[in-house]
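To keep things simple, chains are lettered A, B, C and D as they appear, and every chain counts its residues starting from 1.
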Amino acid sequence: MDREHWLGIAGLLLLIGGSVFGLLIAPPEKYMGDVGRILYIHVPTAWNALLIATAAFVIAIGSLVKRSPKWDAALHGTLATTALLTVMLLIQGAIWAKPTWGVYWDWDPRLTTSAIMGVSFAGLLALRASLDDPERRATWTAVGTIIAYVDVPIVYMSIKWWRTLHQNFSTPETVNEMMVIPLRINAFAMLFIGIWLSVRMARLSLAERGAAVPTAPASADPLIAGRA
Amino acid sequence: MSTSPPAVAASALGRAYRDRWALADVYIELAPGRSLLLAGPNGAGKTTLLRLLATAIRPTTGTLSIHGLDARKDPVEARRRLALLSHRGHLYSELSALQNLSTAAAISGREGDLLGLLDRVGLHARAHDAVRTLSAGMRKRLAFARLLLQEPDVVLLDEPYGQLDPAGFGLVDRLIGELQDEGRTLVLSTHLVERGAGILQSGMVLVDGRVTWVGPASGTPAAMAEIA
Amino acid sequence: MGVFAQTLAVFRKDVLLEWRGRSRVSAVVFFSTMTLLLFSFAVGPGREVLSRHAAGYLWLALLLSSVLSLGESFRVETEDEALEGMRLLPVDPRALFFGKASSNFLLLLGLALLLVPGCLVLYSAEIRGSAGLLVASLALGTGGLAAPGTLYAAMTARARGRDVLLPLLLFPLVVPVLLASVKATSLAMTGDPMNQGPSWLGVLVCFDVVYWSLPAILFGRVIED
Amino acid sequence: MEGVIVGGWGYVAAAWGISLGLLLGWAVVLNVRLAAARAAAQDEGATDAG
């Protein structure tokens, strides 16, 4: 059994625990009522999407420096996981926005930034899929990831200046203990599951890349051209 | 033996594409002013070797130094001393022959009698015509002029006789002779083994990405006959 | 030989290429004019709506055309592997980037300036703010498109399905530039009583610094083989 | 204190359901593809050896 399965199992158990706590035990939110429970999955998803995107950025730099298939596979894994979490984030955000703001989409900076981040990362996955040469694919994915990641705060700021209409999420410090617990549990649950998914994707990426280059047989007594 | 470093020193040079070695375990040690003939059937790795020597592609294994400069650490300096005549023309088809030359001259910071260069390769009359209107043979001549412009210490020629008419053959022979007289180092690949053997010093036969024979150029036709 | 002199040489070559290929450049101009027309068909002939959103349509037309001209600028480079020829000269890759990006910038800016009269005529837009703000917003905005566009065009020119990949990668990236440019251009067209224009220009300058420096660092890795 | 939202369990169920569904679906797809890729690699290895 691959080692990362322990993380997957831990994440799954935590997610079950956090869900039960968040959905059944924690009291309804003061203003949003039961709809506020969406935050117990939404906020951990958001944290981890950003966290794993940051990991992708760091891995992209590493991949440019190291030029090794393993770094590229790790980058592929974190990119795919970020894209998945971003899609979840958008759907949760839209569902949360409907009862809260009355519309599914309100050009809120965070939601819009997530959408743009999702499209950027999906674009990188599409770029990967259209390249055959593994070295070029690795370099270009890494370059694209660095640029897309650096762009995230720029997009966020620009949309914030462009239109400020956001109702801030409650932060764990200002809500009561019963609300902090499911947030924390689910944050770790999503982190573990995110890592598990990234590692699985990285393994898949390596496996689909095909057999590793066999080491070239070096002759003990090489023929040296040009001496004659 | 002189104490100056070899013009071309390759050690265990190899390049893999996916799980296939296009070239592996190549050793070259070419003193300044010497010349090397590359022979071998189609797909043997001659072009890959020349592109590796030209720093157009990165080696998967091994080291390359040009006049003592590590080609990997200091590619810009290495490129100052070498030039490649490639299958690919490296020409802008919209620009005129002269404009192609003047662009290359300006970017590499060289000055010279560009019209004189075109005269040397027999293209003087077409200097102001767009490259797109030139025949394949004329483009080859123009590519040759571009190489001469760079005054390379190490001259890399990939199939210099390709696409040329008999007059072109004579021109290439003459130019190669001049380059040798000027003390430049030559690496040349050609299917016209007899022709190459007549004007070069050392020889090397590649089959399937491996070096199968090295020796004096005069022995190359016999070595090629053996593998045929 | 410094990076600047090399950049200048590359820039000169690219301007020359654009001049030689001016029939293609003019096709891009017609395309962008066509998009301006299409927007009015989509929105309807209401003069008031059209003039109010003229800046937005102008930038969308520019964005759509930029993909064509950027893609074209690398088609001539990959046709006969001419870019590889440049790369094998003793040249700093940053010079190749800055030269290419500058010529693309010049082309887009020219296109933007050509589209302004189109907007004035078709959308009955006016320049109620300052012309200086208008030109500055167009220049800073097209600058923000040209640099990352050059980097991504260098990549997608050699990928399968390049025609869809370039906009897919470039458009989300340049959203900030689009937002800020539309705001600034719009202020120049509809009037700027609160004098917000300069702060949007400042924002664009910051974006341009990021969008020109980061790709310049990464370009060398993108074009290597 | 205007607009305390009452009810809304439908939204909660949709958000959690879709999220967990996506996670689960992706996990299954990923592991099936990985198993297939590994099986293919093993086949190839067997033919190479044989």
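FYI, contacts are C-beta pairs under 8 Å (C-beta built on N, C-alpha and C of every residue); 3 or more make two chains touch, one makes a residue touch a chain.
Computed from a prediction, not measured in an experiment: that's the story for all the values here.
Asks: Select the chain whose centre, defined as the mean of its C-alpha atoms, is least distant from the mean of all protein C-alpha atoms.
Replies: C
Asks: Using Cα averages as centroids, what's the distance between subunit B and subunit C in whole Å?
Replies: Comparing mean C-alpha positions, subunit C is 39 Å from subunit B.
Asks: Once you find the CA centre of subunit A and the CA centre of subunit D, what distance in Å lies between them?
Replies: Inter-chain centre distance comes to 14 Å.
Asks: Measuring centre to centre with CA averages, how many angstrom lie between subunit B and subunit D?
Replies: 53
Asks: Please set out, as single numbers or ranges, the residues of subunit B touching at least two other chains.
Replies: In subunit B, no residue touches two or more other chains.
Asks: On subunit C, where are the residues touching two or more other chains?
Replies: Within subunit C, the residues that touch at least two other chains are 224-225.
Asks: Give the residues of subunit A that touch two or more other chains, as numbers and ranges in rising order.
Replies: Expected reply: 210-211.
Asks: Which chain pairs here would you call touching?
Replies: A-B, A-C, A-D, B-C
Asks: With touch defined as at the start, can you tell me which subunit B residues reach subunit C in the complex?
Replies: Touching subunit C from subunit B are residues 51, 54-58, 76-77, 79-80, 83-84, 86, 88-95, 99, 103-104, 106-109, 130, 146, 150.
Asks: Show which residues of subunit A lie in contact with subunit C when the two form their complex.
Replies: 64, 116-117, 119-120, 123-124, 126-127, 130-131, 136, 139-140, 143-144, 146-148, 150-151, 154-155, 157-159, 161-162
Asks: In the complex, go through subunit C and note every residue touching subunit B.
Replies: 1, 5-6, 9-10, 12-13, 16-17, 20-21, 76, 79-82, 84-92, 95, 224-225
Asks: For the complex, which residues does subunit A have touching subunit D?
Replies: Answer in residue numbers: 8, 15, 19, 23, 30-35, 37-38, 41-42, 45, 84, 87-88, 91-92, 95-96, 98-100, 193, 196-197, 200-201, 203-204, 207-208, 210-211.
Asks: Within their complex, state which residues of subunit C touch subunit A.
Replies: Going by the criterion above, the answer is residues 148, 151-152, 155-156, 158-161, 165, 168-169, 171-173, 175-176, 179-180, 183, 203, 207, 210, 214-215, 218, 221-222, 224-225.
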